[in-house]
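Listed below are the structures to be examined.
Common to both upcoming complexes is subunit A, partnered first by subunit B, then by subunit C.
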Partner chain A sequence: MELLDRRENVCEMHAESVFNDSSRFMFCIDKLCLCYGNNMIIENVSLNIPKNSVTSIIGPSGCGKTSFLCCLNRLTDLNESCCVTGEVKVGDENVYSSSVNLTEVRRKIGMLFQKPNLFPFSIWRNLELPLKHHGVRDKEVIRLKIQNVLQNVGLWEEVESRLHTPALSLSGGQQQRLCLARTLILEPEVILMDEPCSALDPMSTKKIEELIMELKGNYTIVIVTHNIAQAKRISDHVAFFWNHEGKGVLVEQGTADKIFNYPKHELTAAYVNSGA
Partner chain B sequence: MSEQAVRLERGSHYDLDNLATFIAWSGFIVVVLIFVWILGEILVNGISVISWEFLTESPGNAGRSGGILPILVSTGVIVFICLAFALPMGVATAVYLNEYTLKDSRFAKFINISIDVLAAIPSIIYGLFGFVFFNNVLGFGFSLLSGGLTLACMVLPFVIRASIDGLKAVPDAYRESSTALAMSKSASLFYVIIPSAMPGIIAGFLLGIGRALAETAALLFTSGYVDRMPSGVMDSGRALSIHVYDLAMNVSGGDANAYGSAFVLIVVLLVVNSMAIYIGNKIQRRQLR
Partner chain C sequence: MTLSKNSTSYPSIADSVLKWLLVAVGGLSIVIMMLITVFIFTESISAFKIIDIERFFFDERWNPTAGEFYMLPMLVGSLLLMAGSIAIAVPLAVLVAVFNNFYAPKVLSVACRRLVEILAGIPSVVYGLWGLVTLVPMIIMIQSPGTSLLAGIIVLAIMIFPTITILIDSAIRSLPKHYIEASVAIGLKRWSTIISVVLPALRKSIFAGSILGAARAIGETMAVLMVCGNVVQLPDSVFEPMRALTSNIALEMAYAMELHRSSLFVSALLLLCIVFVMMFGKEMILRDKNHV
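Up next, the complex of A and B:
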């Protein structure tokens, strides 16, 4: 029985690689390299990330997971010493081509950071600001969207009465959910998450995980996590990065089942079993 | 090592400790004493002069009698002109340096050094520069405008420094999240970064006011020292600190009113400085969070 399962999996994998239909993928990343100054941090990563599913990026500390994530919405622009080569395609557009409309691309790709990074304004202002910047002026529309998105992240009851108090007075878990709300309010197609639960207690972590499971029908989620158990719980696909002589390389990728149960590479096997 | 030696060694440590404590404390006490003495002298001698009439009348008899209203007006106008130029320029320079230039580019380094040099130039030099440039080259003559602009040059490096500090205190996370929210650089500057840096910018503003209020030398050459009510920004007028200087040094029998004017000056300065400290504390508290 188990053997049969395995064979099926292998077939599926095979089908995946042959049936390389780009419309199934949100991101097609080809030969991506990233340097800070003269240090190469990510070397030659090629990876396709399927739509409407959760892709986990796992690997040891310092192997370039955060940097990789920042390539997907070109947040690398903020660092002057950072240079990127290769291709990151979202749909048909290469994020790194000079003709790309960055505002549009970044609006399509929301991002959640390791630490909640709300602005030092009120809860309301945090949500209103991105909306207004993207041309939503109608007060009633703004109000509805804010309420809607706060309900989606399960924060509405908790903050309904204090929408105009400083966002930084919320607890860490609430702040992270508010960050998620702020991301969702722009109606992105993708949500990048960089260890979104690493600063949270188990209860808040569970809430975020539940939210991820709810969201994945409508969004493509790429999540970096150090928590292998978490990756097992939530991911459909997994990419395993490793630090090879100071450079981050992609060792293995595939469905969650394949990576966790039938890893091909011995590094992968060692890594995914170290936490279990 | 024998037990006694150990004790001795410890003993000498204690002595050293005590000495250091003594030096630190006496330094502290001397500073406080000087402060209290100056303040006390001015408060005690000045407070008897203060009255509604003193604040609302023109000076008479070269300042020996009457009040300081025209001087307050001139001072206000000079400080206003100074800040009207120094603040926008200072904040713009700080934004440019901190947000647009590469951190270790030559150009940024050059501007940074220039700012430090400008901050270290004695005010009398600014006065001479203002006299040559604003009064003569630009033909503003002895006027509140020349004085205000000269002070603006003088205050500018401090406003820039304070604003840069304010901007530096804004965590990079704000820049990252506003970029990730697809906000343009200018929008994130105006709606996120500058509002977050506001405490630092306000502290720079208050520091500027403080320095402008306290200035004498740079104003002697530029806005003049006639003590009548100025008729406009192109008229000359006397600033408060010059008034104090003039009454104390040049007018015999002007001591009482000199103390009175000094009292007013000190009260305004104290208020401005404590606001700056209060806001400075606020910044620090935010950084800790």
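Up next, the complex of A and C:
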């Protein structure tokens, strides 16, 4: 208990130092709480996520990391019993405001899931579908965008000759890269990633990590990961969550260097060193 | 997870008993099916020996006792009934299944599912009776005689709609949730998700449901016999009476002798062939993994 009480101080200190310059941040999250029915899953999380960098969300299973990620693009709306309070600001816009254009929010905030979740259509159709729904009709523009995005994720040469074959016939790693391409084709500002490598082999994981490093200059990436070594390799910033009496709480946040080398909280130190 | 034949390292008596029981049951169903087919085929052969096949399509009339075997109107009638009922029932079933899964409050969707299940269990003679006393008089108000191709199509559509709805509804419920998540995450709204992701992802299930519905429609006898008028003719419009292959067998089997009887078995053989072609086609299309 005492250990957890200290997290307030650690997070407040950080929040004070960074709130002064809100233009640096893609997300300003304030007092976020998430409930499923009567069960509180995330309690009172305040966190600022810097632009054009990789922020890793780490913590043990069941501490609300994925639920937190789903709050950022309102994927929580899929669950009718889900209730979110607090504020998630992207720029000046509160994602939970009633006037928000959700289609535009989700275009701006792309998401990559734990397992590849391509539609059971062709590779081409998987990439064409989001474009068409966001108003891109010109066939030549669609063709160019598809080619560019496949080149960006390093898939073009592998699938160039079979764009009209089923996307689900690709390997797991290729499918995950195609999912990333499907996200990137809408030119988002943010990419949320929920353990994107957990179902992949080491080689495919390496490719995804390389892509994350390439993308972080142009996109804000928020990644949930259980793999501390991976978080060390790719993160600029880290937020450490913990399960406190069944609720997910944010224990500590900061730069990757601070969290991994000079953690202020004992729980953070214990957790990051457990993966060393 | 699948259990392979060799997944257990030691033989179990219960496993062997179950295996042979399943082999016996499976084998028996195949044998019964084969026997029925062979029986219908052999019974038809005597007709084929005497009557040229083209006479079934080019004779002047259907009057087997007078040696005329014009079966084409009944074949066309059966196919029209099937196509018409499918054209009405499938879109209706898709709409109801989509409503149940994406729009209806839980209480309403449960009530709707139970209702559809009850509809699926109502005997066809009841649908036929309803058609005769309610639907046919309504059609008479538009055009006489009321008993018509249209009456048959509507009654059949109502009959096969619950079966198709149940199949599509269960296919939607078993659709992986991650398709919906992925669709919402790229900004698609509910209606766009249904039109662009859910229904295309379920096209094979919808197709399979339609074929099963079509097979029931073409095989239906009693309801069709009660509302279609049973005049052997190629209908010029949906308001004209017609006779289906199934009705033909039911109407004439009681007094059919020799060649007439054999020609009725030819009707049955035609029905069997149509169902076989539909099922074979369905398997071929569903098996095509490259079809995207």
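The rule is simple: the second predicted complex is superposed on the first by the 258 of 276 C-alpha atoms of A that agree within 3 Å, B and C clash if a C-alpha of one lies under 4 Å from a C-alpha of the other, contacts with A are read in each partner's own complex, and residues count from 1 in each chain.
Note that a contact is a pair of C-beta atoms (placed from the backbone, for glycine too) under 8 Å apart; a residue touches a chain by one contact, two chains touch by 3 or more.
Everything quoted here is computed from the prediction, not taken from an experiment.
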item	value
Simultaneous placement of subunit C and subunit B on subunit A, clash or fit	clash
First, second, both or neither for A:H164, with subunit B first and subunit C second	second
First, second, both or neither for A:S122, with subunit B first and subunit C second	second
Partner chain in contact with A:H134 - subunit B first, subunit C second, else both or neither	both
Which superposed partner A:R107 touches (first subunit B, second subunit C, both, neither)	both
Subunit C-contacting residues of subunit A that also contact subunit B	73, 75, 77-78, 102-107, 110-111, 113, 115, 117-121, 129-130, 133-134, 179, 182-183, 186
Contacting residues of subunit C [partner subunit A, same complex]	176, 178-189, 192, 196-197, 200-201, 289-290, 292
Residues on subunit A engaged by subunit C in the complex (per definition of touch)	73, 75, 77-78, 102-107, 110-111, 113, 115, 117-122, 125, 129-130, 133-134, 164-166, 169, 179, 182-183, 186
Residues of subunit A touching subunit B in the complex	73, 75, 77-78, 80, 102-107, 110-111, 113, 115, 117-121, 129-130, 133-134, 168, 179, 182-183, 186
Subunit A partner contacts - residues on subunit B that touch it in the complex	102-103, 171-184, 187, 191-192, 195-196, 286, 289
